[in-house]
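Both of the next two complexes hold chain A, though its partner changes from chain B to chain C.
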Partner chain A sequence: MNKESKIKEIWTAYLDKSFSITVPLAAILLAFLVSGIIMLIWGANPLEAYEALFAGAFGSPNAFATTLERTTPLIFTGLAVTLGYRCGFFNVGAEGQLYMGAIAAIWVGIMLPNLTGWILIPLAALASAFMGVLWISIPAFLKAKRGINEVLTTLLMNYIAIQYFEWEIRVDHFKEGVLDYYGNVPEWGFLNYFIGLKDPTQPYPKTPLLTDNTFMPSLKRLMELPFVENLFGNMVWYQEFVKVPAIGRMTLTPVLGLITAGLLFFLLFRTVTGYKARAVGINPAAAKFMGINVPNTLLTTALISGALGGLAGGMEVLGTQHRVIPNFLVSAGFDGIPVALIGGLHPFGALLSAVFFGALRAGSNRMQVVTTIPVAVVYIIQALAILFAIAGTTIDFQAILKKNRLKRAAAKKAALEAAHAGEGEASRV
Partner chain B sequence: MFEGFSSIILNIDFYAAIVRMSTPLLLGAIGSLMAERAGIVTFSMESMMLMGTVGGIIGSGLMNNAWAGVGLAIIFGVLIGLIYGIWAVSIGSHQIVTSVGLNLGSLGITSILYALTFMKGGEVVEEIIKVPTLPITKIPLLGDIPFIGPVFFNHYPLVYVGYLLVPMVWYILYKTTWGLKVRAVGEHPHAADTVGISVIKVRYQTLILSGAFSGLAGAFLSICMLGSFQENMTAGRGFIAYTAIVFGKWQPIGVALGTLLFGAADALQLRIQAMNENIPYQFLIMLPYVVTMIALISVVGRASWPAASGLPFKREEG
Partner chain C sequence: MTEPILRLENVRKTFPGVIANDQVYLDIRVGEIHALLGENGAGKSTLMNCLYGVYRPDGGKIFWKGKEVDIYQARDAIALGIGMVHQHFKLVPPLTVTENVVLGLPSKREPFLDVKTLDKEIGEIAKRYGFDIDPTAQIWQLPVGVQQRVEILKALYRKAELLILDEPTAVLTPQEVEELFSVLKNLTKMGLSIIFITHKLEEVMAVCDRVTVLRLGKVIDTVNTSDTSTRELAKMMVGREVFMTVNKPELVPGEVVLKLNAVSALDNRGLKAVNDISLEVRRNEILGIAGVDGNGQTELAEVVTGLRPATGGKVEILGKEATNRSPLEIMEMGVAYIPPDRQHTGLLMDFSITENLIGKSYYEEPISKKGVFQKDAVNTFTEKAIKDYDVRTPGPELKAKSLSGGNQQKVVLARELSSNPDLLVAAQPVRGLDVGATEYVHDRMVEARSKGAAILLISTELEEILSLSDRIAVMFEGKIMGILPGKNADIHEIGAMMAGVHQTESGTVVREAEKPL
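Presenting the complex of A and B:
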């Protein structure tokens, strides 16, 4: 058995059967416990802090909308990492794919402002997925064809993507008859027509706000559709519900994340492609022996993973922010890794852990206001949860239990034998 | 453009800058080389370095002495090394996965430690804290040699630690019994175990060294070059240092040359950035990463990994 497959077998042994919620849940609880102890040492009341955290994440419609907003990009990046890892492609580059995806969505939105939303939104989403694919293609080819470790290459591509993004949102975008921030007529060049995305009237690096035909439909818009209103219009709950401002922020994007997770589950566990991908992920040598084309499978899976990473950026632009600034999504790409790992590398697990991380982020501000515990504490909770989850998946609890059981059985048997021997002696006397 | 370029190349400061920019990479890469040779993937260097940066700032700021910062940076680095050891060596979990987890965690923890240390009356201070830095120390005789003196012997003290580290690690790895043990553990842990070498112990020892020197590298970034702390201030240098190990094929001299290459890319981009306004600076910041990527692509295939690299050691039980 070669060494790579050996590690992977240790790591994926329990994962391949079905999604187990025990280890991640235990890891999260343990992380909260240890963080609570740290808070106690610091002199803060952890119960109060966690209460504020929970209230900040789910306590009101507004809080819940924020949680959904934070969760959505994590679902997509978490799914990207999950899919890649299942095939033995550790995609650490979701951050870069996300940035490139966001650029693509903004670009489509700016270039084609007059299209109707039904065409524009899918087009922008496709463009962001395409940019994600483009961005992962170099590491994917290198891994599949030349066996170059994908962890380093995807990681380095992140830094390149972020710098490219920073540059592109600093190049003025051409706008007919627009003066720049200082009142001068700008000199337009090729870059300004086709690449630059900065709003020329702004002093800061900031893209123009997209027109509202690119906005992902929200719950509010759905409720105000004529036939929905006709159906429920005179019911009390409907009239109450429409008045809640937060439903304007609850868009279709989390639902799309849900659907994507379902599709990914289908792909991984119900199709031949998924079966091949998992086989390559568990043991490439064995997969090759079975007649699977390992490089092609790796390439396909990695490219889909990149598409998901790009979609994360596109969804954020279309659903939530509608414009980008530097650091518009703090490390949502990197956080896809813990999301996937704590989710047990299962699409539905990733979904649940994305909600967990989204809630942590949404609630942390309230926690800081109420208890003065800094927001960054959630990073400690997150780091501990991931470390415990890794340990939990590595330690073969069942083997330990079995060993203990065998030990106990052996002890019992020995005791019985001793007793029998004693009886025998007694009867002899 | 060409004139500007030649003015960079002909300037002595540029070569001194190469040495300076290579030092954090060198300290981290050479310090972690022993752990690598013992079969540990030191992808966790990034988090050790990050902890080193904040350790340097805290130690230097609290004790008002830069050397206290160096000490605390080493302690923080070793601490991460030990935590990594518990997971990678004792539990035997996937090393790259664990490293990624540690890197993410240390990002947050460094910010918290920094904020908590320099809080004023319950409020996190907004302005950047300046702490005492290590002084530039000129080596008496060597520093006066023309060209070589200013390039190599007029630097922060930690640069000289880097110079000494390369031959020392070479000597330790190839000329001492402990070095032989390290290499045996990395190539064939089970054979090493059979002849009575404690695989676990050797791996922990190398990880402590890796943590100490990566912490030192972090301290170099924070209390030599800047004297202040920024969030995520290593900016992937730990990963670049790791690539230098791959690039140098796990040989001390090769690794040192690799760090020089990446340091040169870094120094070059800073110089061009200062001189030329036509090239967007973002593309210059990209340069070291692009160089690293190209180096990685060109070298792999010829790279010779330690046979047991990344493999958890478990004694077979009969």
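Presenting the complex of A and C:
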């Protein structure tokens, strides 16, 4: 009995703690279930579709590399939204910060093509983070000092960023010695970086491909390091492994995303800065009573959130695309919001839900090719998962547990009373 | 004996995990004032909400004039003839008295409102019951006591035979309370029955015929007020003897800790809330600030703690200039603050108990070093605080909102007092607490006083002010009406000052408006 109650206690505590994980997981499962029913009605076999989806996301090194590529920007935007939300700053401007971060990385890459990668890559990443900060600074100041609703301002800043981005990639960027599309010698100036980044030799709006010293180190490059080669060079698995083309696409960026999530966890839950940010997020009035400078805390947190949003764009440029084209990342910034919400506004939760979203994106093409189910189904799954996750947060798990406990206690009491009554009658007879 | 107007038999109401009412028997006779007495959380309001159709009881029967009735919603209760006056009035400030009274009722000339006839009708009803109310006045223009009478009028207009008054005196000055009592006695003479919900014993003795005491959701007893005493009622209410006075050692006040010189400040609406206030609080001294809620007391506390800018005057703490410093700077000058609202400003309900306990020391060593929390130091600090302040919790990692009100306030006390402050500003420190927790908080405050703290106590409970304070200042409309010694203070004099009567040098009192120029 005692042992049993002890186990029950541990189980309850576990359920209670893991509740934040259980809800999103259940939401995702339910989303797959309901989407499956929709596919059935549509006349497709959902099991086949999900198999193709899974194979497209994790089935081969190539698929896995694609999943990683799709996941990385979502990790950063998800973290940006998570951090902002924790402080009561709802950053819906990750999209704009991402675009500006990508442009900043391109600037650095084009401006300083001769620097060595060890300096150039961090510099470009810093530049993208800085642009993100710059882009959120206006909404952040307005919110902190004037109390102006950040949802509106960050959202509107997105459109400015996107339009600026579109302009940048449509106006030729000239370099000395390079002729334009029509063979004319163009004028060149520093301002050119800010009014045009289009590759002049191309008819389509795209920026020039960056030189490979801006490429984020990949698994392939790691394996080809002389000392790694010396160590494993004569082993069969090594020779097989380096031949896999996908390892060239597995770069350091998802690892950096992982590290960033860890750092954010530390910041939020182990430092005074994070403590203040969360206090302000829960109740600014009470935070003020604790001597916390609410405007400054909001400002600091929002700026860090913006830096993360900018990094999302920088990482995509440095790690994956090395140039930008229109819609180079379809709404990865806006998707940071559902990533953060399904992730339970926890850095590690955001990490996991970014993988979920990334895998859906990566696998959807294969699903369409194999089963002719349109890619759009993926967005149905995504939307349902978000709806279920939000609905799940309204369940008061502790109240349910308590109710069950009371019910059991009442049943036990009733049973005991019945037994006593039985005894009484028996003794009377 | 005639049939009681209302009878409750074995009424029971439970919420998940809580039994709010159990085995409640109650009968209300025609024409009596029946007190429902109990501590906060004893189940008075739940019981009345069951009666008024807000909740459905889980078990038991309700008899109205001898007939069993089912009350599903407030409309049913009103139809029977039950009227309720809530503690927080449900009036629309910009509408007139008439408009408020008829609000929700069909007009005789739909879709038009026959205001003139209604004004007349309501004026007559008011006159019949002895209310001095102008039916055309807008609610916001009326004093609180009159607004309350509008609420009663609303019930009477709906032909109520039983009035339920939920803590009707909480918002009134002593004079207004007396007026209310005479109104109530008048109403019962005209055949109305009244249920008077309160936790104030003197009021029960002053105005009620019988009293039913509730404790932990159960009826302890129903007695005639003529056969009982406040002491006996208090014992029934809390289940043990309560000492109405706090044991406070005699101490000689020391150096001046807080000095206010002609301080003024605005409230949230930009109106003058604190008006030219000067006072001093010394070590080993409790200065109580009495006054009806909303006369600038909260604003004064916020000015002292740096949460609200002073628009004029000077604040000095231990001789150092502290006017309009940041809350953090003032905190570091040795000032602790118990905010008036535990739920919204005192604690972060979604923070763990640990995170709340370190709410004043989070940025200092050894709790954090270079901005990073030191786990061991935090744990040692929390364990000690939980033990020292007797916080009853299964674990420090639980959220603050899982604690009872009393334990929440203990967390606030632990956070504020563990640094041994020089000045403690306590605003409504026992609001909503039961007798046991109240005693605990008061003991801790007296202990802080003995350790050398100066305490500025702000409370709307006169009893609390009287039992704790060494000196009593009375605030009215942002001004201090006078400062009296706490010992043997004359409650009538304080009451007069709370209503705006000024204390002059010669000791006589003059009404603010009649003061010679």
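Just so it is clear, the second predicted complex is superposed on the first by the 372 of 429 C-alpha atoms of A that agree within 3 Å, B and C clash if a C-alpha of one lies under 4 Å from a C-alpha of the other, contacts with A are read in each partner's own complex, and residues count from 1 in each chain.
In the analysis below, a contact is a pair of C-beta atoms (placed from the backbone, for glycine too) under 8 Å apart; a residue touches a chain by one contact, two chains touch by 3 or more.
Everything numeric in this text was worked out from a predicted model, so none of it was measured.
Once the complexes are laid over each other on chain A, chain B and chain C both fit without any clash.
Judged by the touch definition given at the top, the superposed model places A:Met290 against chain C, while chain B stays out of reach. By the touch criterion defined above, A:Arg146 reaches chain B but does not reach chain C. More residues of chain A lie in contact with B than with the other chain of the pair chain B and chain C. Judged by the touch definition given at the top, the superposed model places A:Ala383 against chain B, while chain C stays out of reach. Of the two partner chains, chain B is the only one that A:Pro374 touches; chain C does not reach it. In the superposed model, A:Phe334 lies in contact with chain B only, and not with chain C. Of the two partner chains placed by the overlay, only chain C lies in contact with A:Val272; chain B stays clear of it. Our summary of the superposed model lists a minimum C-alpha distance of 5 Å between chain B and chain C. Touched by chain B in one complex and by chain C in the other is not one residue of chain A. For chain B in complex with chain A, the touching residues are 43, 83, 87, 91-94, 96-98, 100-102, 104-109, 111-112, 115-116, 122, 124, 235-236, 239, 242-243, 246, 280, 282-283, 285-286, 289-290, 292-293, 296-297, 300-301, 307-312. Against chain C, in their complex, chain A makes its touches with residues 270-273, 275-276, 278-279, 282-283, 285-293, 399, 402-403, 406.
The residues of chain A lying in touch with chain B in their complex are 3, 6-7, 10-11, 90, 92, 142, 146-149, 151-153, 155-157, 159-160, 163-164, 166-167, 170, 331, 334-335, 337-338, 341, 372, 374, 376-380, 382-384, 386-387, 390-391, 393-395. By the touch criterion given at the top, residues 16-17, 305, 307, 326-328, 331, 337, 339, 344-351, 355, 359-360, 362-363, 368, 371-373 of chain C touch chain A in their complex.
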